[in-house]
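Below you'll find a set of structures to go through.
Presented sequentially are two complexes of subunit A, the first with subunit B as partner and the second with subunit C.
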Partner chain A sequence: MSSDGIKKNELDKQQGKNSRRDFMRKLGLLGVAATTGAATTGFKSEESSSSEYVKVLTSDNKLVEIPKSQVKEVKLDTDALQTRGRIGIEGKRWVMVIDLAKCRNARECVKGCQEHHHLHPYQYHINTLVMQDNPQSAPYNMPKPCMHCDNPPCVSVCPVDATFKRQDGVVLIDNERCIGCRFCMAACPYSVRVFNWEEPFQAQLYKEEPMEYDVEMNVPQKKGTVSKCLFSADCLRDGELPTCVRACPNEVFYFGDQNEDAVTNGTTRETVVLSDLLEKNAGYRLMEELGTKPRVYYLPPKDRVFEAPEKPDNHH
Partner chain B sequence: MSGHNIKINKEKLDKVAKDILKPVGFGPGFLTWMSFLTMALLACIYAYVIQYQKGLIVTGMRDMVSWGMYIANFVFFVATALVGMLISGVIGLLGYTWIKPITRIAEIIAVAFAAVAGLVIVSDMGRPERLLNVFIHGRVQSPILWDVTVVTTYLVISTLLYLLPLIPDLAIARGRMQNAPKWMMKLYEILSFKWTHHPKQYKLLFKATRLLIILVIPTAFAIHTVTSWLLAVNSRSGWDSTIFGPYFLTGAFVTGMAAVIIAVFFFRNNYKLRDYLGESLFDKMGKLLEFVCVIYFYFNLNEFVVPAYKMKEFDAIHIHELFLGKHAIMFWFSQIFGLLIPMVVLLWKPFRKPLPLFIISLFVLVSAWLKRYIIVIPTMEHPFLPVQNLPHEWVVYQPTIIETAVTIGSIIMGLMIISVLAKLFPVIPIWEMAEEEEGTKTKII
Partner chain C sequence: MNKYYLIVVVCVCAVLNVTAQNTWVVPQDQKEKLSMVEFTESMQKSGADVFAGKCTACHGTPGKGNFNALLNPSPDDPASEKFQLNTDGELFYKISEGRVTMPSFKSALSKADIWNVIAYVRSFNTTYVQETAEKIESNIPEGTVLSLNLDYEEEKKALKLKLTGTLNGEESVVGGVEVTLAVERYFGNLKIGEGKTTNKSGLAYFILNDEIPGDSIGNVKLIAQVVETELYGDIKTEKTLQIGAVNNKPALNAERAMWNTVKKAPLWIIFGYTGSVLAVWFFIFYVLFVVKKIYALGKEDIPEDQKVI
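Then we have the complex of A and B:
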């Protein structure tokens, strides 16, 4: 079933890319921005006579034209990745909706996530839990990513600004700065953070081919630092949905921009109005009483499409 | 205070100096003890090297219980360090003179435990080499920043409170220690700052010390309150408490008093200082321990009975674990032997005699360590959301040998600092003991 799910998912992904309206702005050209300096000298060169120009957005948000021949893609180094990673994507307020009625505990989100972020099998940026709210109600499955709270306790307690809140709502962790005190893990009421207790899962790979640290993917992972769900911030920058959202075969996840009031289902690629979705289905957030203001909404497990899972072993 | 003139009786000074300076110096017994400690410490450092290389995977901590014995031990060390403030600060400022012989011992404990506390917290870090980030990228919103600031301040004030009253003693000692090695005399010469026992110098010394003991009180309150906030600012059952600050502070007084009594008992017997550390002193210390135990008991009552009465869902899980669950033995041991029994028996004078008080203090100190463990670990074992899809050993905390060794290493380091200071300099203020009784009633220090 799961392999079918993946195939279907991939097909949808192809179609989805074409049919979807401009849900996320492509920012692929940003990489070019760093070449503006070279471009100004380039204007005087003979090649400019070819008169083929392209429009390019500079890093200070000016639209300029430069000769096509001068365009070359720049690989961002760790510093540049960190600078843009800390700012976030302007004008966006990312939000996730999880439909509990549809989760069959396929755990494809977990697998996709662990692969994307190079996690050990025991490390979860997203985990699916079996929940039971009271002894009478039926158990249900609950995917649990980071809530990307608007009032994040983890960010408040961090002594070195290693974990931070971006303007687009995403909470990230900079493992080049993290001192490994794990205060954020103690502070998180949702227990979503994980620690690199030992060498990372892909340590061998990092040794063979060293790579720039991308704070939006938190890869390479680093021993002695905290890691967490990032809403796949690197995918968001490329105009993609987060990995877990795309990996789900069961239409559980919606993801989108609260400013646009639109969320897209990761499986069907159907885009719906966020406020309608939450209103009609009585959407709620986890532990509202703590005042953390999560950016992840849940739709109650009403009219579920699956058999209730076995009773959970709460609190071991 | 300002008009105070120091009167030192020459004859009395000779006897006091002879008695107190006798145990000073690194004899063969001390060297054996230190080499034993050094060897044990090396083994513990080796354990830390393994941890540094392999990562914190060698400890029992995992994603659910992400703070373990190290944090508990840190809280214990900070707690014990507070006794310097209790003795010199609170009791001293109130004008009690019976604390004179034990002020220096209390400061030694304060300095040793505060210094080691800083190292303990570093041993808990995943990336200790990035410690400087706390200063480069420090954020004032984080209680860790507050903790670093106040612990450092407390260490500085305590060190000054140890060194300043030492100045006249070292000047006295220089002329009286013929057999001492040269480097030691050189050190005494430097640290006595050309002291000539001039009344003006004493006046300055009193002023400086008085300022420090006033400063040390808010600083000490701050360090333990902030340490309690490291836990209390997190929304977790067992930590989410508004009385955590005073609860920790009063607990610290109990722990620190026990540590001081143990040290005083040791010096009384091994340094042959019975004349200065007498039975009446133990009686007073016993009464003070009784007093802080009663206050601590009151805070315990509030901390456990109120949530236990309401039994809110997650508080109930926590309380069950402590009262009847797998932490019950440790919990009841620390409450009964570390608090209830001492609190009751200390009401009777025979239990405030040196030996019984020493034994009671041993129980109190061990219980205090266990209590810190009980405060940190059970709360972490029960987060709000169920713990699933994790291997069993990732859910239940069990300290490892390496972790235990690193913790023992911190205790050894504390003992080493205390041992060295107690052999390098006199443990009782000579000049204060030689002072004439009259005119000292209202004097502070």
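Then we have the complex of A and C:
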């Protein structure tokens, strides 16, 4: 019985490596291949020639049409994906700034993120919390992603080297290595990690269209493993802002490279000087006293443009 | 009588004050701004895409009235009469600049994108008749080919922009044109100072107060462009200059740390761990060696005079 199961798994894996539909789903790579025609190391490409149009599902889940002659089927190499996922992007130090004065709990960041990473509606890589610092002050909304600490306690405790920190500062988790011990969840002072207690939200999709595991997106999700915010590492590679940053309608998120000392607002796409922004607005990090050195900065909820949310239950 | 008059004046002022808060004043010249081209179906289509991505979260779907009514000022339904009373120029200005809860989209969207959104919004107004802009006369002779040149002047510590025009093979400098300078960053361009107008010699200087962070050899990519694209066309120049600060910061996982991989673990852990493993093994082997020695001693014959028992 069990040996049958294993055999079936192997068969699925085999299909996953050969499925063409699978590759059509990865627009980023498809786009790169289609526009530049370059076959990057780790990818094999084959051309098809016809003047007809084909429908392609892009990485941001849009259905687009492109001429069939322009289509190059890109074959993803799992090893290449995992290797580049471990290495990261050279010369970068990603940093996020969250302006609490602008958040009105639209939760577009949460929705965008859950869609991108195939999460259950109750699983959050980023969540918006209602905070109240003391009974006198007004409550405010606080989006809380992974802090991508420069001294990450979660990585220290991982017994199997599944979770790791890259040179560009992003903390990722490799579900192919994760054994589901949940030490990292216990170690994280910000409670940002989630566990896949049951079959993934898109389990049906994985069955129909088997796909390669992309460590930079943590898709497909896997039952019995830990998942977490990845700063949308796959988007960063394509020069795009993370999903939550792009999805926000209220100018809350800034994202950029600390080495360039510049961050770009996801809503207005205005690029500003990071050090100026933090200095002038008294930027702070969560739980500084722990020495985790987070890569996410917050700007205090001062001069808010939105009404204060309802007081949370823990303060009466 | 005077008292009543005063009350009326105060009331009128109060009402005007309230309406002033609710109305969004657009500068007259912006109000009259018109699209250079006539709106087409394809413009409306791409406008709809932009709308879905950037506007729906607050404005809802046009015509459905499902905008976010909790916001103040109210975003309103773009298909509503109040919304459609805006001139094209007003809509353009409001989308570009934003106010309070409405974000500014001048960096996020291109001018063409903004016109596309307006085209889409206007498609919900059956009585709308579009007016297009007349071709605006510029102060330079027609047919002049403009070009921007970018250089760094060491003594002035400033970037020099030179705007020249070529007409019938003759080159001349062009003054009185607003230009901007920006430095390319990973997710967008960072403006260096405010826009400047070229002087009589066609020059504009951008002084660098702080060093711009560059790449590993100090290269920075600069982008200079003419602001009024409708008037002068898309005049742009890009140049990579070695004027930035050298980025020699180490990778974030370069240091030895508890959280790093085995090879990059702190030395005290590597030595401590290896040392204790060796010590344990040494002890085990020592014990075995001693046991073996006792065993060997047990096998030896003991001379009669040394026997205790």
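Of note:
Everything that follows uses one rule, which is that the second predicted complex is superposed on the first by the 239 of 316 C-alpha atoms of A that agree within 3 Å, B and C clash if a C-alpha of one lies under 4 Å from a C-alpha of the other, contacts with A are read in each partner's own complex, and residues count from 1 in each chain.
Keep in mind that, in the parts below, a contact is a pair of C-beta atoms (placed from the backbone, for glycine too) under 8 Å apart; a residue touches a chain by one contact, two chains touch by 3 or more.
Worth saying up front: this structure is predicted, and the values here are computed from it rather than measured.
Look at subunit A after the overlay: subunit B and subunit C fit there side by side. Once the two complexes are laid over each other on the shared chain, residue contacts for A:Gly224 go to subunit B alone; subunit C is not touched.
By the touch criterion stated above, A:Leu241 is placed in contact with subunit C alone, subunit B being left untouched.
Of the two partner chains placed around the shared chain by superposition, subunit C is the only one that A:Arg93 touches, whereas subunit B remains out of contact.
Once the two complexes are laid over each other on the shared chain, residue contacts for A:Asp214 go to neither subunit B nor subunit C. Of the two partner chains placed by the overlay, subunit B and subunit C both lie in contact with A:Pro153.
By the touch criterion defined above, A:Val130 reaches subunit B but does not reach subunit C. After overlaying the two complexes on the shared chain, residue contacts for A:Glu307 are found with subunit C alone; subunit B is out of touch.
Residue contacts after overlaying the shared chain place A:Arg182 against subunit B, while subunit C stays out of touching range.
Of the two partner chains placed by the overlay, only subunit C lies in contact with A:Gly169; subunit B stays clear of it.
Distance between subunit B and subunit C in the overlay is 6 Å (nearest C-alpha pair, rounded to whole angstrom).
Common to the subunit B and subunit C contact sets on subunit A are residues 153, 156, 161.
For subunit A in complex with subunit C, the touching residues are 90-93, 104, 106, 108, 150-153, 155-156, 161, 164-169, 239-241, 249-251, 255-257, 259-265, 267-273, 305-307.
Within the complex formed with subunit A, the residues of subunit B that make contact are 54-57, 61-64, 66-67, 124-128, 130-131, 133-134, 136-139, 141-145, 148, 230-231, 233-236, 317, 380, 382-391, 394-396. Touching subunit A in their complex are the following residues of subunit C: 54, 57-58, 70-72, 98, 100-101, 103-108, 185-191, 213, 215-216, 247, 249, 251-254, 257-262.
Against subunit B, in their complex, subunit A makes its touches with residues 122-124, 127-131, 144, 153, 156-162, 177-183, 185-187, 189-191, 193-199, 223-226, 286-287, 290, 312-316.
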